[in-house]
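In the two assemblies presented below, chain A is common to both, partnered first by chain B and then by chain C.
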Partner chain A sequence: MAGSLQRQPTVTPARRLAWRAGAVVTALAITTLFLALSGRDPRLLADLVVRSTVGSRFGLEDLALFLTPLLLTGAAVTVTGRIGVWNIGAEGQFYAGAIGATAIGLFLPGPAWLVLPLMAASGIACGMGWILVPALARAYAGVNEIITTLLLNFVAGLLTTYLAVGPWHDRVTGALASTGRLPVRIPEIWGVVHWGFPIALVIVLALAWLTTRTRWGYQITIGGANEQAARYAGIPVRARILGVMLLSGGLAALAGVFEVAGTVHRLQGGLANNFGYFGIVVAVLARGSCLNVLPAALLMAFILNAGIVLQTQQLTGSAVLAITGLVLFMIAIADELAHYQPVTVRPATVAPVTVGKEARP
Partner chain B sequence: MTDLPHARNDVPPPIPPGTPPILQLQGICKYFPGVIANQDVSLDIAPGEIHALLGENGAGKSTLMNVVTGIYQPDGGEIILDGYGQVFAAPQDAIRAGIGMVHQHFKLVPAFTVAENIHLGWRDTPFLASSKVLEARTRALSERFGFSVRPDAIVADLSAGEQQRVEILRVLARQARLLILDEPTAVLTPAETRDLFRALRAFRAQGNAVILISHKLDEVIDISDRISILRAGRNVGTYRTADCTAAGLATTMVGREIVRRDLRARAPGATPIAPTPVLSLRGATCRDPRGVETLRDVTLDLHGGEILGIAGVAGNGQRELTQVLTGMMPLSAGEILLDGTPAPLADPAAFARAGIGHIPEDRLRSGLAPALDITDNMALREYDRPPIGRHGLYDRTAANHLAQTIVEAAEVRVPDLATPIRNLSGGNQQRLVARREIRIASRVLVAAYPSRGLDIGAIATVLRYLTELRDQGVAVVLVSEDLEELLNVADRIGVLFHGRLMATIDAATADMETIGLLMGGRSAHNGTPHGGSIPDGPTQDGGQA
Partner chain C sequence: MIALLTGMLSTAVLAGGVLALAALGEVLAERVGVTNLGVEGLMSLGAVIAIITVVATPNPWLGLLAATMAGAAGGMVFAFATVIVRANQVLCGLAITFLGLGLSASIGHDYAGVPSPATFGRVPVPGLSSLPIIGPAFFGQNLPIYLIYLLLPALAHWVMFHTRHGLAMRAVGENPAAADAAGLPVTALRFWYVTLGAGLAGAAGGYLTLTYVPVWSEGLVAGRGWIALALVIFAGYRPFGATLSGLLFGLITALSFVGQARNWPIAPAFLNMLPYLGTIAFIIVPVVVWHRMRRIMAAPAALGVPYHRDVR
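On to the complex of A and B.
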């Protein structure tokens, strides 16, 4: 009998899920341990976190508000990942979308049923515009999209702050912090939860279908897995990269539109609240599957929501980042460990072949 | 192991009697889930010998060598080095013990220079190492071991043969006494192969040993002193090379008699050669990005029901020719005619729809998406047509059906269709690609080196695919570096030299010598250099990629 630990090439989804659940539990256990070590009562905090996230109506509403942008930015990063491209600029496209929507909302008076779709269209167009140059550079000149999309985030963030405290600042209060309140808003469906939430859900489900069940999705999968094989099969890889990146920019921008028109109702600096970057975390957790974006975004939203609760208990805001990092770290380890299985093989009971004889074949 | 042949006076240099083997394996076993990779393998490698390891794909050669080099730990058996038992916990232990392996796929850093690659991860590398120092050290090593390399060259710019020299030098620099080479000649031109063998013999003359894994029987007989044959994970025998014949080895290797039939003979009822060509090139010329002509004024006709062989030293325009014929590369001049009318712009999808299949040269890099499952890979050519592609959709069920059909036609056993295709062996990947392309090749099949890296059984299967296709009236282009294969299978043979089609000759009357002369750039009749007008031919190696 010979037993050993061996790496399997493939992992069943159930097995991976089990390992990941274990990873999240471990991460939470470590968090609890450190909270206890710093003199807090983990049980009290845990109770508080549960009660104010999933244990109460307000908590659930907040969770949905966090989930809405995370679904969209997570999907934005996931779709580009499927063709082997990393859109690190969801944060910037989020801002661009918010700016585009605010421009219409502030300066185009009209009924909500007309203005809201225009805001969305304008926001999406701005987000696509924001990623257009990196996308063209990536598709046709091979310029690394990670750098270009990332750097444009800072430009977008600063542009937003400039508009909010400069030309578009609130004339009513005169405070140099944000634009005035938008005259239209996305209608709420449940407490503070607006229509953006179900729309984001539907969009993610549609993307999951689009990426796995259509010819376009297949072409993208092949293009992402092996660009040379895609060219060999006559798939227009450049056009697909361009298309996917534009779609990604539009998705992130839509998150910005929802945030400004549904949740915050005014444009202000820091509006994106790192949702673009957390979208990368969601995409990493989702492992390229749009369907997985749903649970991944839910986990992320829960952590963000819990972070707010912890901050009310005089914990630093960096704790959220630390917990996020810990969860990611543990999941990365679990994903790798899931490949290993103890294997026992019984040597076949075959008579040993005589060897080493110098014979004539 | 009982009787060890201690005195070996048939191999240079004479080894004093009683010298223990450099390496002795006793009853090595290695198991993978559901697979016995090695079962009770015993083997001894004497100092001063070149020991060839033969076996079909999947016979357990690579696993055994991974055990010897410390990549795997054996599940049973012993490794004895110079008479002392050894346990290699990691590859570093094996390197320290003087065992060096050169893998089939080179493990070099392409962006680094030769000198940097040689010194990477080496304990003897000076702590403060300027590139000048490294290059000087590399030059010294290169002279000491007789492997000429350019120390300051970037590895990515080197041909496969040059990269291999760097790999070997890297291993030798770490004081290897036992050199393991996995399919070393698969990527080499004949001239490079000769150089390699010369260097291996010099290495042997110093009392070192070489284990050579190869499929090419003639080479093995040429270079080795003894031959061990693995079959289904077991050592079925070790023989003195002087006692072996290629046919005998082949039989032992596959465990059955190989039937060599004249593959040019048509099966009864086969479609005759079509009078009008299906695909033609007229003055086809290609230029690479540097403006060098890689294909020069090639004119040829492909007729249904015949196999056109393309011979030539690798890098003389074969890649360009296959890519032009399959719509992957646009022409700089000339035209390509499909059924007598100019073919559309270079569009591989349109060519595929027109019934032109393509077994590409490097299947893992350009014919498959290694990380994706078998289904997605098998759908690559038919995803855009019913039943898989309808109304812009991708029907997974239909794709699974297609994959199942191809897998069955290729007679490949797979665990399930969701397995990533990179987990299959090279031979199985090749069969699947061949079957996938044959399905769409209703008019033309372009097969580039379809037998490269395959064992004899798999080669026979793939060649059978080609002849069956020919009998169905399809035009087949077979690019190969194996002249025997071309002479066996092809009806006509075209020879490429410096991108020029030197001649197209009738395979039935062709002889090796004529083709050899043409491959060297001499025309068959008077032996004068044909390529004399070419000012500066393209590099002859793979460097024009």
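On to the complex of A and C.
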């Protein structure tokens, strides 16, 4: 078996990055092929995409607006991932946050400096409340959190539409399926980009510090790596799972608060725009590191922004979802393939006694 | 009152059939140790392919067949990634869901709002279908309903628990290393059962647009794939468990229709939440209330773990 492929237990970061870059390029190549086959000029589209994302001021502003919620939902899914839990319900917590913020914004009159923090607090509390039952069930009864968090997304979507069409419906302008315009808004700092963007950046950096440099973060990492060992070492794993999931719910909810108070200014059905689901993709790209959420969210924001351009070219918005799925699929495969390396086995005299199971650097 | 109950039960059987079929497919995949989180996307794909097929050839059986093939094709892609390459099952499942939802919306764009030109008609069983209340619900339905509620689960149950092949299949899901050592083809069993399960998910989507909701629109599947995934846990990974829990959730869905029809003082939005909230309650409550449930309804031991022959 000289020169055969062997699965290595660990992968160097550079090697993984190379495989992933290959995966993204492959996914984009397949997409281009599909576009070309459906009679569109890929070069023209690529040109359009570049000009309307990084190639113009409006494009950059849009990119920052996409980036804001993605940073937070991406971080939300990343922190739970560190303790071995999947929060697939960021979409629902996003809605819960938007609902909590809107409730304050619509019905509590007052100066912006007072109302905005209250909106954020209310939104975060709602997001935490939204994940509370799945978090308790996961931490104390071992109930699969993937399904419970996900199913609540549909409930949150129904609740949002109900509020926007029903009791909170805009009676002034008669806008369809939306609440009235919120009286306060997060101030802008650059074009349409509001303060939510730098705040989200700071939060992600703070989380990076919290998860890698503190005792709490260390307990989370150990709890995620080996629950039994962590418990034996005296780490309250269940309490940590509960805490991390609540934090995650709060982060996703804050994304909803920023979206409704900074970008859209009204609560309406479809507000979350799949940001919760795309947060999962960001977290997968980031591989558990909060610092990596920054470039991962940037890539995702770029894909979403490009999707807007594709929609002007008679492609449905769902094409973006398919492209994202393809990218995710290719990355999952690449992550596994990166483990395989060609090895040259030494002569059989030493082969039987090799301790081949050891982790190699 | 009688008419109401009759109508409710009929709706429950139809709505539950979709969930039962998808859940049965997932039982097959999870019994060999593979979690396929792509059910929602595969159902969506099946739903749109069924409509496109019956628009071309107005034969609902062809539509159902095409939906099954579409699901199986998606399942092969998933199985290639998770069983042969052995990539992360959660990621690949989510990717298949995104891909399925996005693709189905893209290819179904021109068919949005087009009512299905051919659906499965009712075929009442003479005599039985005139029984009060249960007659129309169980014996006055379309033909595939017997396939979903009787034939397929009975076949799956018999194969799984009464044949040597079924023992092999379960062994692969419980302990693939031991199964491999006993000479069982772990990879092949996993690959084909995942594909078959995905085919049933596609069929469930096709059944949805060919009977229950006979028109295509984006977001039509509306979380039914995820409910089916939860039902597998609730069903204790057993074929008839999947069927019965599908029927139970059909009942919950029908209840929300009844509420809307009878003008209960609850907003329809809240009634529509019932199936989702019910699912959550049904997977949390049994484990909390009765601890032995955990052992009885235990998942296959190797569920979600890729099998590498050379890594222990």
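Assume the second predicted complex is superposed on the first by the 339 of 361 C-alpha atoms of A that agree within 3 Å, B and C clash if a C-alpha of one lies under 4 Å from a C-alpha of the other, contacts with A are read in each partner's own complex, and residues count from 1 in each chain.
In this text, a contact is a pair of C-beta atoms (placed from the backbone, for glycine too) under 8 Å apart; a residue touches a chain by one contact, two chains touch by 3 or more.
The structure displayed is predicted, hence computed values, not measured ones.
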- prompt: So, A:Ala233: does it touch chain B (first), chain C (second), both, or neither?
  reply: first
- request: Examine A:Ala29 and indicate which partner it touches, taking first as chain B and second as chain C; both and neither are also allowed.
  value: neither
- prompt: For A:Thr214, is the partner it touches chain B (first), chain C (second), both, or none of the two (neither)?
  reply: first
Message: According to the stated criteria, A:Leu176 is in contact with first (chain B), second (chain C), both, or neither; which is it?
response: neither
Message: Just to be sure I read the superposition right, which of the two partners does A:Val133 touch: chain B = first, chain C = second, or both, or neither?
response: second
Message: Just to be sure I read the superposition right, which of the two partners does A:Leu114 touch: chain B = first, chain C = second, or both, or neither?
response: neither
Message: Just to be sure I read the superposition right, which of the two partners does A:Val202 touch: chain B = first, chain C = second, or both, or neither?
response: neither
Task: Jot down the residues of chain A that show up as touching in both complexes, chain B in one and chain C in the other.
output: 6, 9, 357
Chain B to chain A touching residues, read off their complex: 1-5, 27, 29, 31-33, 36, 39-44, 73, 75-76, 229, 234-240, 243-245, 248-249, 251-252, 327-328, 347-352, 358, 360, 365-372, 376, 379-381, 383-384, 389, 392-396, 418-420, 423
Query: Which of the residues in chain A end up touching chain B in this complex?
result: 2, 4, 6, 8-10, 212-219, 221-222, 225-226, 228-235, 341, 343, 345, 347-348, 350, 352-353, 355-361
- request: Could you pull out which chain C residues touch chain A in their complex?
  value: 37, 41, 81, 85-88, 90-92, 94-106, 109, 218, 222-223, 226-227, 229-230, 233, 267, 269-270, 272-273, 276-277, 279-280, 283-284, 287-288, 294, 308, 310-312
- prompt: Of all residues in chain A, which touch chain C in the complex?
  reply: 6-7, 9, 86, 88, 133-134, 137, 141-144, 146-148, 150-155, 158-159, 161-162, 166, 277, 280, 284, 315-316, 318-326, 328-329, 331-333, 335-337, 357
